[in-house]
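Note that the chains take the letters A, B and C in the order they are written out, and that residue 1 is the start of every chain.
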């Protein structure tokens, strides 16, 4: 890890991910979490994604890097949007895509999940894209996968959503060039957000000057001050002078949990409006992982306004996923071909 | 529009579709409705489809026209048959196909549908195939789509089903060579049928001598006499001397709506039998958009008989959809490549 | 049929499958059942599969044998695992795959199923992979399919599951080289198992010295002694001295049918353990069609032990399906190309 990160205690994620994610040469093997990846590797992901941004705009949106490989979507939790972006990324790399709908119930026993994995490996699948409601599921699968398999975490419980974090980093770098000197505010339900955890880690690893979180106390983790962030409870104060405002999606089921007032009241306190955005820097950008709850997390004028880069995040998401997939496949194949 | 059509008032569809469907050079950009397309353009679709009929019969059923393009099925209403023909047509053009099941409920708010569209555009999808229970849905999507997107209407409410109409025209032309001098009868639930509306428009635009509709009064629109058709309530009289008999599918849910007597009674009055077909010309062909309710719209002997061209309609449907898709993609790309 | 089989009465399957499955030159046209196929043809399937085993291990897991062909999965009964292996096999042959979910209810009338078939034929599909809860469904479809269509049985009722049987034969041949001199025991619910029926036929056709079935009386067919097998009710006695032990999957719904004691009691009587396996030959292999019920059909130590070849069965299943699909497509195309 780079010196600029050592000064901040990072305790969200388990410390042994690093070894699991990297091969003996320090190259990417699985992509499970930002934790344990250093600044060079995150930068390599961003640079590789940069080389793919042109592919989506070509007449023929294909590169043959993963031709004949079988990429398997193991989505234990439904997410059409995320599954679609991985599927498009895989197809642009010329891979074959196998999508399996696996209900959590049918694999509730660890042994049964392992048998499913063993069978997919025996069918010569090359990569598992894992989405699961339980924190640690992608790590579990990577720990037990055969040596020739790469695992990509597409969101696990409250733990991690590293490809989302990296497409956010890509979007920030496109607009702000470098992370040193940047002030970035993350607004909303930090407590339950795997996106926020991965974003904080990535921003700190990449050397961001200041990472702020803005949330009511009920939506902050107890150890928020140990995350390497500044904590704010007031939106105007929190976004004052920032370069980037990242709004989190509000899970509406939190509303009934007495953790939150009504949607209307939430918008009054934490909804982003053009007026409130005045407190940020004049060239501040506004981000959101989507899908937006308009009128809850932000006003429609902000979502569709000139500072919003929300749709660019979606576009860049495909290039970033192409980068991670091709790097993870290449890792195990330092030569020209991989068996 | 050609002179032979100007004499007939056509009021079924909104008059501004023409501009939306065509680019400034008069080339096809979206395919939403027969309305607003002139005889030359409909003939160009038929001629292009003709060039594709051989592809399905080759050893390798592929042409590389849309290689690397992403065709997205946006089916808000389930239709395995129509979705399958579009998927096969797209694959024969070497495109990648993305099929999204979008429940109408999750996109009941127009804003939310627009956000879905914006996201798919950001993922660099190239074409939306739209099926929706609401009339005008495909037009709405085309109106709001980004400039690089083509929209194909795969059936919207009671409004329009233009690819079905064009595959019917293709089938008629294959058997009868030209539309001048032809008498065509459409039998069944004209009132609720988007297929019938599109067929009537296409037949009139292509210069058919006489278009007849045959239905009980409860299944005819109030303005039937303004559609440019002759109205009959008696099947034998209506098909007397015609070259083409098009049977419509009877939606069984109409039965309970007091619009119709029982299926049995419907067949007694409007079901096509070999005996009744004697009234048509000796070389008359029988068509149906499928799936057939045997013993309701027609007897099995007619459906499987020598005059039935129903399965040819299915085959030609793939060539016609290949034609419309490749023309719409080429529209926005007058040069050799499109960004 | 070979002389060594003629001595055994085989009455499980209808005797006219042979003609239906073979073209006039004796080449494979459909693959519906082991019944009616002789030793030469089964050996040709195994030899062809052998040539494909390398494909799954290549960097680019593709051969262009079925490029542009449309392989249609007609699964009237859900089976993710079997559907997935056929889909992977088809993609490795470079075919396009169309997967249709057909509820049995929507096609409960034979006529309606035939209309579905006619439509898929009109769309120029080339092959139907059929899975159905009713015995004889694949034969019915093959009987009524157009001449250019091949039908592969992916499991029909209690009747037949011939690709599973052939991947089992492939696995046995890989480990034991030839079938003469082999003793093979099949353990479990013989009565309801289409897998067992196909295995017994294939083993006998290939000249296996002795085929044994081991089951409680309630799970044996009344005519078990006419199957060309030796019947045992005791596991230790049945596997004594065998070269191959094939465990069948226990359908848990049989438990409530008073056909079986509890799962625990079943395991006590018929569950395979390391201790019991001592009765077999020292180099005996253990097979299972998957998915395993661990602790019911066998102990985990056996399933994951050195004699288990269960995951090899899965891998070989793709090569065997590639072999059957390419042979059936080639049958109708004795020259270089097929219309």
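In this section, a residue touches a chain if its C-beta (ideal position, glycine included) is under 8 Å from a C-beta of that chain, and two chains touch if they have at least 3 such contacts.
These numbers come from a predicted model, not from an experiment.
**Student:** Cα superposition of chain B onto chain C: how big is the rotation, rounded to the nearest 5°?
**Tutor:** 120
**Student:** Indicate whether more than half of the residue numbers at the chain A-chain B interface occur in both copies; give same if so and different if not.
**Tutor:** different
**Student:** Using mean CA coordinates as chain centres, what's the gap between chain A and chain B in Å?
**Tutor:** Distance between chain centres, rounded to whole Å: 43 Å.
**Student:** Hunt down the residues of chain C that sit against at least two other chains at once, touch-wise.
**Tutor:** none
**Student:** Once bound in the complex, which stretches of chain A touch chain B?
**Tutor:** On the chain A side, the touching residues are 56-62, 80-81, 84-85, 87-88, 91, 290-292, 294, 300, 311-312, 314-315, 317-318.
**Student:** Under the definition above, what is the set of chain B residues touching chain A in their complex?
**Tutor:** 67-70, 96, 98, 100, 111-112, 115, 118-119, 121-124, 337-339
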